[in-house]
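The following block contains the structure, expressed as C-alpha cells.
Chains: A, B, C and D, in written order; residue numbering restarts at 1 for each.
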C-alpha cells in the first residue's frame, strides 16, 4: 500500500539507499571530521522515516528486518558493553581500548559510537513508525 | 556577537515562557521546544563564540590555530540537544494521548489530579 | 532493672502465641509478670531505703542521649509498686471483664506494653529514655482508648487524648533538650544534683514552661483536663489503670522528679499552685455535673491530679508528705472505684447512675468495696484517704504564698468531692431497686479481687498509716523534697483546723449529694457557659485546621498548571533577580563585534520565535518554530560548530515531522485566554527573558575567570584520543559517560512513546 | 581502579539494556528484574564497605584524570544513598512481581525500573555537574514513562504537569551549568569548589547558587516548587479494577527515591560548592524548609485518600531534610542525613502498604475503606511501624531523625523553626492516625458489588507483597533500636560534608 506522490516515491527510491550509505560514512569518519554516531543515526533515521512516509510502515518494517525496538536493545548493549573491556585490562571503566584487527583501527569508542547509532535509529523509528501505525488503526 | 546573542536568548526564553503559559497543550509543547533551544544557546554563548575555527585537528598534520572554538560546550550542547529531543518526542506523543483522552486542547480542563 | 522493664514488651509480643496455649487462663499467666515485678521491687526496697537509690547503667545510643540507665529511688519505688501492684489486679480484673471478647489478646498486648512503658518512665535516668517511654505510654493509651475501635466516639476520644498528650510530649521534648543544653548532661540524677545552676540559667523559664507543658497535658491539668473524661471510652480496666493510677500520674511523677532541681522558684510555685488549685476545683465541680459513673470518677481524678500539682507547688516538707500520701491514697481508692464501676457496668449493662439503685442486695461485695473506697475518697475517718486529706489541709494552711486562695479552693473542692463520693458509693446501691438492662448479680471472683484488695489496703493503711509511712513514703517524700524528710503518719491528729475543715466539707458534701438532682438542675442552667470550656477550643482548633488546609489546597493546588508555572517562575525570577540586582548589580559593559550576516541570522531567529507565539494557525506556529531552529543551526555553523549545526538541523527536521504527525490530529488553536491573562503571562515571560539576558551579559562582562579544562582536551584529543574531531572525541571518550546516559534517555523516550501508544491500543482491543 | 563506584550505575544500565533485548520474554524480564536489583544492592553494600575503610572511593571514567574526564566519587552519603537505592529497588521489584500486571510488563516496566535506578544511582555517584544533569534526565524520563504506563486520563493530566515542571527545572539547571562553565571553565564539582574558593567576589556565584537551589528545589518538591508532586500520584479511585491506577510499586519508587535525589543534590552542591555565603543562601533554604513543612502537612490534612495523604507528607518531610542542610551546623547535617535515610525506607514502605490494602479492599478512598485491623491485625502492626516512625514517635527511626534536628535548631538558636518542626510532627501524627482510624479501626462500610467480585483474586500472592513490607518494617525497627549505629554513619557523613577540602583533595589530588 502506497501513499505519497509520485515524485516523492521516485525521490525516496534513490534517496533512501544513498542516505543509508551516507550515514555509514558519517558514522565511520565521525572520530576525525564532523559526523559520528548521533548525526549518522539521525540521518539514517530520517531516511527510514522518509521511506515510511512513502511506502507505509509495513514496508519499512520489512526493509529494516529487525524491529526498531530491538535496535535500541542491541545499541544499548553495545554502548554499555564498551564500558567493560577496560575492566579486563584493570583500567577504569570506559577507558578506550584500541585493537588492530587486520589493519583496521578497531576501538571501544567505535563500538560505542555504533551503539549510539543503533539507539538513535531505533528510538526515532520506534516513535515514528508506532505513531503512524496507531494513526492508521484509529482511522 | 555575544551581547546580541544574549538579547536573542532572552527573547526566546520570554516567548517560550509565554507559550508555556497558554491553555493549549500544543502551544505548551512549542514552548518546551523553544525553551530547550534557549538553554542550549545559552551554554554556547556564555562559553564564548569563535568564528571560523572549528575544533577539528587538521588531518594533514598541521598544528591547530591559536584560537579555536571551545569544543567542550559544543559537546555539552550536543548532548543537551539530543536529550531535549528525547524529552520532546515523549511530550509530543503525551499531548496527543492526552488530547485523545480528554478530548479538548485546553489545559484548564486537566485538573482532576489535584485538589 | 532493664530486664524487669523490657520483659513486658517481649511478653507483649508473645501474647498471641500464649493465648493459643492458655486460652482463657492467659490473664492469670500474664498477671504473674507485674506480680513478679512488684515482688522484686519489694525485695529491693530495703536497699533503696538505705542507700537512697540504686543505679543501673547501660549504654544504648549515647550520641542521642539514650541510655538504658535506670535509677530506683524512693519516688520510683513508690510509683513502681503502684504500677506493678495495681497492674497485677487489673490484668486479673480484665480477664474477667473482657472474658470471651474476641480481641482480648490484643488487649493484653497493649496493656503489657503500657505497663512496661510506665515502669520505664518512672525508673528512667536518661532524659531521652524517659521521653521514649513517655511517648510510648501516649501511643499505647491511644490504642487502648480506641480499643472499641468500631465505635466512632471511641476513635474520636482516642485521637483527642493522643493529640493533647502528644502536643505536651513535644513541649516536653523541647524542655528536655533545653535541660540538656543548659545542664550539659543526659542523666537526670546528675542534672538534678546541680539544681542551682539550672534555676539561675537564662533559659530557665522557657525550659520550665516546656517541661510543665508536657506534665500538665499528661496529667490533665486545666485547661487540658478535657481529654481525660473523654478517655473513658476505653474499657473499664483501662480507665481504672491508665486514667487513675498510672498514666495521668506520669505528669505528676515528672513534676515531682524535677522538684528538687527546678522547683521552689517563684514561677514554679505560682504556676503549680494556681493551675493545680483551679484544676482541683474544676474537676470536682464537673464531677457532680454528670450522671455517667465513669465520668464522675474521671473528673474526681482530675481533681486529685490538681491537688497533687498544688501540693508540689506549695513545696516544703509538709506538702511533700501530703503529696506522697495523697498520691498513694488516691491510687488505691480510685483504682477500686473504677473497678467497681466496671463491675456495675458489666453486670447491669448501664453506666448511668440515675438508672441504678438498690443494688446492694444483688451485689453485696461490690457495694462494700465501693463504700469503703468512697469513704476514702471523701476523706472519712478511719481510712487512708482521711490521713491524706488531713495532711493536705495542713500543708495548705502552712502554704507560704496564696494561702487564703488555696484554703478556699481546697475547701470547696473537698466539699464537692465528698458529694461525688456519695454519689458513686451510695446512689447505685441504696434506695429502691431500679430495672437495669441486664439483671444484676454479683461480679465474678476475678473482678472482685481487685477492688477488695485495694479497698482493704485503704482501710488497713488508715488504721496503720505507719506501715507505709515509715519506710516507703518517707523515702519517696525525701526524693521529692531533695532532702531527708521524716514522715510520721498517724490517723488522729487531734482536734485542729484541718479536722474542722474536714468535718465541714463532709457535712456540706453530703447535703449536696442528698440534693444532687436539684444541684444538677441548677448547674444545668449554666450549661451554655460550661460548654464553652477548653474542649470547645480544641474542637474549634481541629475545625480550623481542616479549613485552613482546605483553603491552602484550593489556593496552591488549584489544578491549573498555569498557576503552578507562574508561581515557580516568579520564585525563580524573584530570588535570582534579587540576588543578581541587589547583591551583585548587573554589569552592562561589553564590546560589540558583529558582522552583518550574523546579526541578520540572529534577528531572524529571535523574530521567528516571536512569530511562533503570535500565529493563530498550528502549522504556521510549527513552521516558525522550525525556522527558529534552523536559524540556531546557522548560528552554530557561523561560530565554528559544524557538528552542532548538523545535529540541530537533523533534530529540527525530525521534531517538525513528529509535530506534524501529531498536530494532524489536534484541533486548530482557539482563543482561550482573556486579555488580562495575556498581559499577566506576558509580564512573567518578559520578566524571565530580561533576567536571563541580564544574567548572560553580567557573566560575559565578568569574563572567564580561569582557563577552561577544555585546553587539556584540545591538547590530548589526537595523541591520546586518536581522533581529530575533538567534539566527537569528547563525546565518545572524554565524556563517554554523558553520552551513555544520553542514549538511555533516548531509548527511554522511545519506550515511553511505545507504551503510551500501544498499551492503550491493546487494552482497547482486549475488553 | 575501584569498580564498585561505577558498578551501581553500570549494573542497572546493563540490566535495563538486557530487559530491552528480552522485550518479548516476560519471564526473563522478571528474572533480570530480581537479579539486577539484588546485584545493585550487593554492589551498594560493597561500595559502602569500601567507603567506610577508604573515606572516598573514586574512579575516573575512561581513565581521564580529574578534572578533565568525568569522575565518579563516592563519599559516605552517596554510598548510603546507593545502598538505600538498592534496598528500595529490590523491595519494589519483589513487590512488582505479583502486582504489576501483564500490560505493564509487556510494555517495558522492567527496563524502566532498571533505568530509573541507574539514573538515581548515577546522580548519587557522579562528581561532575553536567553528568549530574544527564543522570537527572535518565531518571526523569524513566519516571515519565513509568507514570504514563496505563494511559488513563488522570495519568495523562498528571504527566503533563509533571513533565512540564520538571523540564523547567532541567532548563534552569542547564542554564546554571552553562553560566557556571562560562565563569569557571570547569565541570568537575571538586574543581568547581576549588575555583569558587579562589573567587574574590562571591555575589555572582550566589546568583548561580540560587538558580541551582530553585532547580533542585523543584526536583525535591520544596516550597513553593512542589506542584508537580501531587500530579505525579494521580489516582482513579472510583475505578475498581487494579490496572487502571498507576501501580503502587511505581508510586512507592517515586515516593522513596525521586525527591530524595533532589535533596541529595541540594546537600551536595550546598556543602561542597556553594558554601561561601552561608548566611545568605542557607537563610533562604531555611525559609524554604519551614514553608515546605507547613504547606506539605496542611496539604495532607485536607486529603481523604490514602496515597494522596502520603504523597503530601513527602513534601513536608522534604522540609525537615532541607532544615538540616539550612541550619548548616554539624549536628543539623547529621539530622538531615539521618532524616533522608530513614525517610526513604519508611515512605516506600507506607506506599507498599497502601498497595496491600488496595489489593485487599480495591480502593484508596478513606471513606470507603475500613475494618482492616479487625480482619488483618498483622497488617495493622505493619502499618503502624512506618506510620508512627514517620510521625516521629520514639523509639522508631523517625524519632531520632527529628530529635537530632530539633536539638540542632535549639542549639543554633533558631527557635521558630523548632516550633514549626514540632508542630509539623504533631500534624503528621494527626494524618497518620486519620489513616489508621479510617482504614484500620473503622468498621468497613457496606461493600459494593464491584469490590466483592474481586475479593477472591485479592489475596493471591499476598505473601509476596508482604515480604518487602515486612523487610522494610524490620529495617525501621532495627534502626530504631540501634539508633547509635545509623547515627554514627550519619555523623561521619556529615563530617565529610562539612569538610569539602577533603573531598577536593581526594578527587583532584593534593594541590600545592
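Assume contacts are C-beta pairs under 8 Å (C-beta built on N, C-alpha and C of every residue); 3 or more make two chains touch, one makes a residue touch a chain.
Everything numeric here is computed off the predicted structure, so don't read it as measured data.
Touching chain A and chain B together: C, D.
Interface comparison, C-D against A-C: more C-beta pairs in contact at C-D.
Inter-chain centre distance (chain B to chain D, centres taken as mean C-alpha positions): 28 Å. In this assembly, the C-alpha centroid of chain A lies 61 Å from the C-alpha centroid of chain C. In this assembly, the C-alpha centroid of chain B lies 50 Å from the C-alpha centroid of chain C. Looking at chain A, one finds that residues 32-34, 38, 69, 72, 76, 79-80, 83, 94, 96, 120, 123-124, 127, 131 touch two or more other chains. Shared contact sites, meaning residues of chain C that touch two or more other chains, fall at 553, 557, 561, 565, 569, 642-643, 647, 651, 654, 658, 662, 665, 692, 696, 699-700, 704, 708-710, 713, 724-725, 731, 733-740, 742, 744-754, 756-758, 760. Multi-chain contact residues of chain D, defined as those touching 2 or more other chains: 13, 16, 20, 61-62, 130, 134, 137, 141, 144-145, 148, 151, 160-161, 164, 168, 175, 179, 181-182, 187, 230. With chains as nodes and touching pairs as edges, the resulting graph is complete, every pair of chains being joined.
Remark: chain D residues 1, 3, 6, 10, 13-14, 16-18, 20-23, 59-63 touch chain A in the complex.
Against chain B, in their complex, chain A makes its touches with residues 32-34, 38, 120, 123-124, 127, 131. Taken in their complex, chain A has these residues touching chain C: 30-39, 42-43, 45-46, 49, 68-69, 72, 75-76, 79-80, 82-83, 94, 96, 98, 105, 107, 109, 112-113, 115-116, 119-120, 122-124, 126-128, 130-132, 134-135, 137. Touching chain D in their complex are the following residues of chain C: 59-64, 66, 103, 106, 128, 131-132, 135-136, 139, 142, 146, 149-150, 152, 155, 158-159, 162-163, 166-167, 170-171, 173-174, 177-178, 180-181, 545-546, 548-550, 552-553, 556-557, 561, 564-565, 567-569, 571-572, 575-576, 579-580, 583-584, 692, 695-696, 698-700, 702, 704-710, 712-713, 716, 733-738, 740-742, 744-745, 747-749, 751-752, 754-756, 758-760, 762-763.
Residues of chain D touching chain C in their complex: 13, 16, 20, 61-62, 64, 67-70, 72, 103-104, 106-108, 111-112, 115, 118-119, 122, 126, 130-131, 134-135, 137-138, 141-142, 144-145, 148-151, 160-161, 164-165, 168, 172, 175, 179, 181-188, 191, 195, 198-199, 201, 203-204, 206-207, 209-211, 213-214, 218, 224-225, 227-228, 230, 280, 284, 295, 298-303, 373-374, 377, 388, 393-395, 399-400, 403-404, 406-407, 410-411, 418, 422-423, 425-427, 429-430, 433, 437, 440-443, 482-484, 487-488, 491.
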